[in-house]
Amino acid sequence: MTVTTVSPPPPPESRRQRRRRERLAARDSEIPVELYGLPRGTVGLLTTLAFGFALFTLIPIGWILINSTKTQANIFETFGFWFASPFEFFHTFGLLFQNVDGYGTFIQWFGNTALYAVLGGGGATILAALAGYALARFRFRGSRFVFYTIIAALLVPITALSIPLYLTYAKAHLINSIWGMVLPSMISPIGVYLMRTYADISVPRELLDAARIDGAGELRIFFRVALPLMVPGLLTVLLINIVAVWNNYFLPLLIFNINTKYPLTVGLGLWSTRAVNSGDANLYPMLVMGGLVTIIPLIALFLILQRYWRGGMLLGSIAN
Amino acid sequence: MPAIELENLTRVFASGVTAVDRLTLDVDDGEFVVLVGPSGCGKTTALRMIAGLEKITAGTVSIGGQVVNDVSPRRRDVAMVFQNYALYPHLSVYDNLGFALENAGVPKAERDRRIRAAAAALGLSELLRRRPRQLSGGQRQRVAMGRAIVREPRVFLMDEPLSNLDAKLRVLMRGEVLRVHRSIGAATVYVTHDQVEAMTMGDRIALLNGGALQQFGPPAELYARPVNQFVARFIGSPEMNLFEAALDADGALALGSQRIDLTRRPVPGQGTPGQAVPGKQAPRRGEPVIVGIRPEDLALGAPGAPGTLTAEVRAVEQLGSELHAFFSIDARQAGDQTGGASDADQDAALPGQAHNGVARLDPRSGIRPGGRVTFLVDPARLYFFDPATGEATGWPAAPAQAPQAPQATQQASAGAGRTRSG
Amino acid sequence: MRSSWIHRRDRRGVWFVAPFLLGFLLFMLVPLGYAIYTSLYTYRIIGGTSFTGASNYTATLQNGLFWNGVVRVIIFAAIQIPVMLVIAFFFACVFDLGVAKYGTFFRTVFFIPFAVPAVVGAVMWSFLLEPQFGPFTRLASVLGFSNTNFFGPNLMLASIIVIVIWEWTGYNMMILYTALKSVPRDVVEAAILDDTPLWKIIVRIKLPLVRPAVVMLVFLNTVGALQLFTEPQILEYFQQGAISVNYTPSYYIYQTAIAADETNLAAAMAVILAVVIVVISALSLIVRRRRGEFA
């Protein structure tokens, strides 16, 4: 009756076995579905509905994937969801590297977008980290006021802000300036809000006090003590801001009028209007191909990073 | 027919860990059974299997004589008090108490009556309009209990309901829980890691370790007749002193360089301490043995008198009501047989730890650290354990019976080898 | 009485927020101020720019076209946001409870449109809904609805609603899913032991606990919906004349500023639009305050 049990160490396992075990363990940690008392077939029905919405989600992407291989005529005339000959993928892809009809070079727009996104997103993350950390861990006069102002800033609609920016730039001769795009992108009120929440959760005050007693300066404390603890939040804010700059349309539409400076969004918009009017039979395929190339990097980024970023932090603090 | 019956109840998680291993016990109607053990011993998992919140890998749970493995927790007529209370955060106390009754379609008047009755019994009548976040920890705990009471269930389950309360409140609430239990009269299974709660509250205690049941019985039995070292250590505070010793050729206990005469034996059948489960093999002459003596069973004695143990005092804790003397003798402290190291065991390995025993003495004893002390050891209050298995053994054969015992043990050893099966 | 060391230390915090605040000043406050300043002037070919006070504002307030656009986006928001949130909450619940298979896969797929810029989304759907050649148009005629014009006056707004739902449902769903996941497990277990039916668990236990997230989403979505611009503009490229110049306020402002080059008037319109949006979205927050915070 009095048997003592010591669990044996688990045997070495393959990756598939490990993933299976993790999946089962995850299911162990959730409430078993049977306890909800659902009628038979509910799971099947819901899975079908989810599948339906997944189809809805993927239809445009599937379309753009398939039709990037077609000629203009085929795009409009053949069945949208299957291939047709001739297979023009590589030809069209090649056109992205050229300046077709003077309407702009796709690859240059891609470079622009990447530049704006990295600079703007990176800068936004740094500024947000600094400000969020300070708001969470320092009690200086006016810090409350600053925080409320930032919340209020979230209220301000982006479009309403872009026209004033355009006017200001026009006056200050900043039209077509890269910094005109990057610098406003570094101001991310939601980034500050998220970093403040995250710093509050993950940087213990005692740790900072201990560092101060040890004689470290504030900046040093920020970089050596606080920042490493905020890394997951940093990554989330970075991702959000990169996506925001990458997808931004209205601001660059206003402040750029030479197409060498366009980001992808504006460039594709330009092609949309030109494709209808011009007789060049390459433009529609290039538009489709351009759309495809634009979305691939971000989708790939998401898929790769989703292991590290469950979205929990960002979405959790928004939800709170 | 018992209210609850567990038979070989087993739970193995997908990660391969066996949380509960063939647990078998029963709870009678109106009985208060405590599941106790260190963290991770499986007690909460077992409780949740009774409730139906945890899948059962093997074995059966029966409630009221009916096997309920496949019965949904909704239908088992069990109520549970959770460790963190699990109150519905945005409902008032009144609605929290009445939620289950609402679901069951109990008419409003009857619902109101039962809610108010439970609230009155728990002192919550003033708080019915409040929300959980406006309540103190103790108040929330009472609401959690009230929620279970209004359902008038067949079975009560409680998962460490007092462990989030501060010490004084906990002592107070122990009595409250028992009072409520007696007034309701339903079978109750109560989980705790605190052996004091277990000893003071349980009609019977089930002590678990590593998923396996160690001993199941009334508190006095676990205290007086522990079936193995683990039980002996777990019950009682400070824990029992356990030493590696041996029986010398004369049948006396050789403890380090000292000897304790075992002539004075406990009277059989009178339940005195040290009497192991009948039928156990007695330790044999010349063999090593683990001997245990509780700190409260050590009294001060005159140096040099027979049946005494001399020790060096390393440290003294003066509690006012009693004095704890930390001493060391030249015997080795017995290791933990169970294979799992608790936090306390790991701390015991700290360097500079000089003592290997504790004694509870009168606060006016005048014992000082650095001095020597002589303890009077009542051999009738010694416990003996097998060094190989950790299980309690029978009392060593008295010197008078010496001729018989060796024959018996020799036959046994010839037949069954050295194994001592339980 | 706080020690001076703490005071000094806290004041250093100002330096940390300074870069952000500086940018905030330069790129939010200054432009807003300049826009307001500009709106008080008017440019005439004869006479140049002169101070006209509130005339741009009165002109806008009396401009039926502008307010038509405002009404249109309000209708748009009133339909698009609830439909999208219902779908998002439905699936968030399904995945949180685990009552459908392949939950992780579906959640990933649903989130993909977040990685797609609105421009590209609008382009893709423009092709799909194209009134003469688009696959969906063909599908409609196969189903018996010949001559469906997704860009015609009847269906244009509906088409835009579908596009925006496509773009944003995944994001909203993820936020609701995360909020649902943070409901303490033992509260749900207690509800199960109390024999609570699933619908009641969702509506009376989970939903109230995720209310803050829902409110936040209504707010964010409203602010976004009222500024609708990209999708109508791209659709206009594909089907000229489908979008009137005043289709949405943001579009009207854009046209006024760029096409008609009336920047002063556009500035006034932008300010008015900002005020309208702030008022409407602040209302949603006040509603939240009144109903009270939940534990």
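In order of appearance the chains are A, B and C, and numbering begins at 1 in each one.
We adopt the following convention: contacts are C-beta pairs under 8 Å (C-beta built on N, C-alpha and C of every residue); 3 or more make two chains touch, one makes a residue touch a chain.
All figures in this text were calculated on a predicted structure; none of them were measured in a lab.
Peer 1: Taking the mean of all protein CA atoms as the centre, name the chain whose own CA mean is closest to it.
Peer 2: Per-chain C-alpha centroids compared to the overall one single out A.
Peer 1: When I count C-beta pairs in contact, which pair ends up with more: A-B or A-C?
Peer 2: A-C
Peer 1: For chain B and chain C, let me know how many angstrom lie between their CA-based centres, rounded off.
Peer 2: Measuring from centre to centre gives 60 Å for this pair.
Peer 1: Quick one: chain A and chain B, Cα centre-to-centre, how many Å?
Peer 2: A distance of 55 Å separates the two centres.
Peer 1: Calculate how many whole Å lie between the centre of chain A and the centre of chain C, each centre taken as the average of the chain's C-alpha atoms.
Peer 2: From the centre of chain A to the centre of chain C is 17 Å.
Peer 1: What parts of chain C, by residue number, touch at least two of the other chains?
Peer 2: Answer for chain C, listing residues that touch two or more other chains: 189, 192, 197.
Peer 1: Of all the residues in chain A, which ones touch at least 2 other chains?
Peer 2: 27, 31, 35, 37
Peer 1: For chain B, jot down the residues that touch at least 2 other chains.
Peer 2: 53, 73-74
Peer 1: With touch defined as at the start, can you tell me which chain A residues reach chain B in the complex?
Peer 2: 1-7, 10, 21, 24-25, 27-28, 31-32, 34-35, 37
Peer 1: Looking at the complex, which residues from chain A come into contact with chain C?
Peer 2: 27, 30-31, 33, 35-38, 42-43, 46-47, 49-51, 53-54, 56-61, 63-64, 67, 75-77, 79-81, 127-128, 130-131, 133-135, 137-140, 143, 146, 149-150, 153, 155-161, 163-168, 170-171, 183-184, 186-187, 189, 192, 212, 218, 222, 243, 246-247, 249-250, 253-254, 264-266, 268-269, 272-273, 275-276, 287-288, 291, 294-295, 298-299, 301-303, 306, 311-312, 315-316, 318-320
Peer 1: Would you mind writing out the residues of chain B in touch with chain C in their complex?
Peer 2: Within the complex, chain B contacts chain C at residues 51, 53, 73-75, 78-80, 82-84, 86-90, 99-100, 103-104, 131-133, 147, 151.
Peer 1: With touch defined as at the start, can you tell me which chain C residues reach chain B in the complex?
Peer 2: Per the touch definition, chain C meets chain B at residues 184, 186-187, 189-197, 200, 205, 208-209, 294-295.
Peer 1: Inside the complex, what are the residues of chain C that reach chain A?
Peer 2: Against chain A, chain C makes touches at 9-17, 19-21, 23-24, 26-28, 30-32, 34-35, 38, 87, 91, 94, 97-102, 106, 108-121, 123-128, 130, 132-135, 138, 166, 169-170, 174-179, 181-182, 185, 188-189, 192, 197-198, 201, 210, 212-213, 216, 223, 226-227, 229-230, 233-234, 237-238, 240, 250, 253-254, 257-258, 263, 266-267, 270-271, 273-274, 277-278, 281-282.
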